[in-house]
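Here chain A shows up in two complexes: once beside chain B, once beside chain C.
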Partner chain A sequence: MSTEESTAGRGEARPGGGYDVPRGGRSNFEVWSWVFMRVSGVILIFLSVYHLVWWNLVVGVEHLDSELVIDRWANPLYRLLNIALLTFAMLHGLNGARYSIEDYVRKPGLQLAVKGVVYTIVIGSLIFGIFALLTFDPSILTNR
Partner chain B sequence: MAKEYRSRSLGTALRYKGREGMWTWMLHRATGLGVLLFLIIHVIETGLIVISPEFYDEALLLYKNPFFRIAELLIFFSVLFHAANGLRIVVQDFWPAVMRRQRQLVWAATAVVVIAMIPVTWMMVAPLFGWADEPGTGRHLERCRSATTAPACVLEGSAEAEAL
Partner chain C sequence: MAESRRKPTEAGRSKVRIRVLRYNPDTDKQPAYRDYTVSVEPTDRVLDALNAIKWYQDGSVTYRRSCAHGVCGSDAMRINGVNRLACKVLMRDVGAEVVIEPLMGFRIIKDLVVDMESFFAQYRSVLPYFVNDSRPPERERLQSIEERERFDDTTKCILCAACTTSCPSFWANEEFVGPATIVNAHRFVFDSRDDAAAPRLERLNGREGVWRCRTVFNCTEACPRDIRITQAIGEVKKAIMYGQIA
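So, the complex of A and B:
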């Protein structure tokens, strides 16, 4: 495999950052990644800035504790919002990491190994996070 | 074939004397990877709450260390920069006509981030020097009046008791 092939299919990089729409080919994976990065990115602007402003500036990290989080998580809609933040952020980050790996790790065997490790860590923590949000039981607050 | 702008290695990226496009591109990547790294740690630490709330409160002590405030500021900056620069890229992708105004767009995105970071930095750093209250102190005192046994309220009580 030539070094060119490991990023083949991705759109041309643009001078200001970002990439052209990939041409697609046998599979449209790169086209859908390109679209997903843009759609999830715009959604994440709202979700992550809200999250940061709320916990850092409104609540304040100094005043944070398990009870505040349990109170918040008692609302299923809030947990649903968190699942959205978690899933979009992790998949957006995972695809971004894939772009970096394909750019910097050019040896095919090594590239596959690095991808394996990074994908396992990211998808593992994504699953753990979803598990936490889905199995959360609000009564742990009253049972204490 | 269009000109190749993507740097193929970190070495060439660092030597490249690019203009706006190159430094925003590098910072976009660095902030993106940084936020991903934090997110992995953050999700694991948050998930601890379903295993044991006490364990979660222990983990939070790390956040409350004054040195971590610098990391928090970095995370805040990284998210804002990545968001503003990312939005600029999306605008350019879907509306190619504005590519001619790229330099102005880069500076506009940077200005938004810098201006937003001024009050954020003040709110997070000033309390460390006693120049202002921690963010959310009003809400916190209000809450502790009824939730006297909440971990954050108990912790404060003991710190005050020690100081006396």
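So, the complex of A and C:
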């Protein structure tokens, strides 16, 4: 929490009082977002542990080169696996960031602005990454 | 009678410095700490130390207390940075220097007395009472031991607000219903005799309802009744999830 909340706010009237009507009406968005966090979290454990342990420890960082990437991505299943890892990681992180923003950026206008910037960066890099994974052409590297 | 009473021994007593966050809205711009030194026994409670200050040193020190036995929930306060009931903490457990502050996140009315109106408004919003409009059976609405056990833990709440005011989500956003409200909703949602689970869960199925809980566990740590609050909140989340998805 900010210090402003704990000290300056003391002795002043606090907003709120009646809570009978939740803002924003009925929506199940938060339920789904909660389920998504749990499901994607479990999936990410397996995907990221595989990614980290297999490619960085078993294969070894020193052996990771473009040849290996070309070999691996020749199999569409690997591309799919990488798309899944990228998508779940980015969306899981994005939703976590949304939680923090909604908790701590309280001014509606500012919240919208911060969310806009974060969403643009995350969704933008997600689309960019998926695009790269789908359209990757080995000949770019092998013809060099 | 007089002989059987335990006399305070001089040897067992010690001087303790109590630092109280004082605030009088009529005269003070800001809350400020004031130090008091009191002589206490190890088995005295923090509430006894506060009473010693109020009764013998400074009558203006203001705090709530009622039953003084951990049942009414009046004297929840921050003791050495942790939400506790002053009547349930022994002086031997808090050291020679004690800092006492009001609960965080509420407006201070005076000294350790905070405005809990918003807290009770939240509490009221989840219908914290038994609802069943069907005609009762001849004698009473019976319940099995297992059905009673289902919500036994959350019946223990004394509404002291120690959980809610230890919750970072509540500090960040006072519109969050807070753990105490969810605990009291849980008590009726999982009562087999009760009929109003749906409106309670609907109230809690919002951004300011259970979903603002980030599973920090501060509430469970703070609860003077040892209610497994985070678990209760998890059960409410699951009840909403299965209600919406299944």
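The rule is short, and it goes like this: the second predicted complex is superposed on the first by the 112 of 144 C-alpha atoms of A that agree within 3 Å, B and C clash if a C-alpha of one lies under 4 Å from a C-alpha of the other, contacts with A are read in each partner's own complex, and residues count from 1 in each chain.
Just so it is clear, a residue touches a chain if its C-beta (ideal position, glycine included) is under 8 Å from a C-beta of that chain, and two chains touch if they have at least 3 such contacts.
Bear in mind the structure is a predicted one, so any value in this text is a computation, not a measurement.
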item: Partner touching more residues of chain A, whether chain B or chain C; value: B
item: First (chain B), second (chain C), both or neither touched by A:L52; value: first
item: Touched partner set for A:L77, first chain B, second chain C, both or neither; value: neither
item: First (chain B), second (chain C), both or neither touched by A:E30; value: second
item: Which superposed partner A:D103 touches (first chain B, second chain C, both, neither); value: both
item: Overlapping contact positions on chain A, where the chain C interface meets the chain B interface; value: 12-18, 20, 103-104, 106
item: List of chain A residues in touch with chain C within their complex; value: 1, 5-7, 9-20, 22-24, 26-28, 30-31, 33-35, 99, 102-104, 106
item: Contacting residues of chain A [partner chain B, same complex]; value: 12-18, 20-21, 38, 41-42, 44-45, 48-49, 52, 56-70, 73, 86, 89-90, 93-94, 96-97, 100, 103-104, 106, 121-122, 125-126, 128-129, 131-132, 135-137, 140, 144
item: Chain A contact footprint on chain B (complex, rising order); value: 1-10, 20-21, 24-25, 28-29, 32-33, 35-36, 39-40, 43-44, 46-47, 49-50, 53-54, 56-57, 60, 63-64, 72, 75-76, 79-80, 83, 85-90, 92-94, 99, 102, 105-106, 120, 123-124, 127, 134-137, 139-140, 143, 147, 150-152, 155
item: Chain C - residues contacting chain A, complex; value: 23, 25, 28, 30-31, 104-108, 115, 117-118, 121-122, 125, 168-169, 171-175, 177, 202-203, 205-209, 211-212, 214, 237, 240-241, 244-245
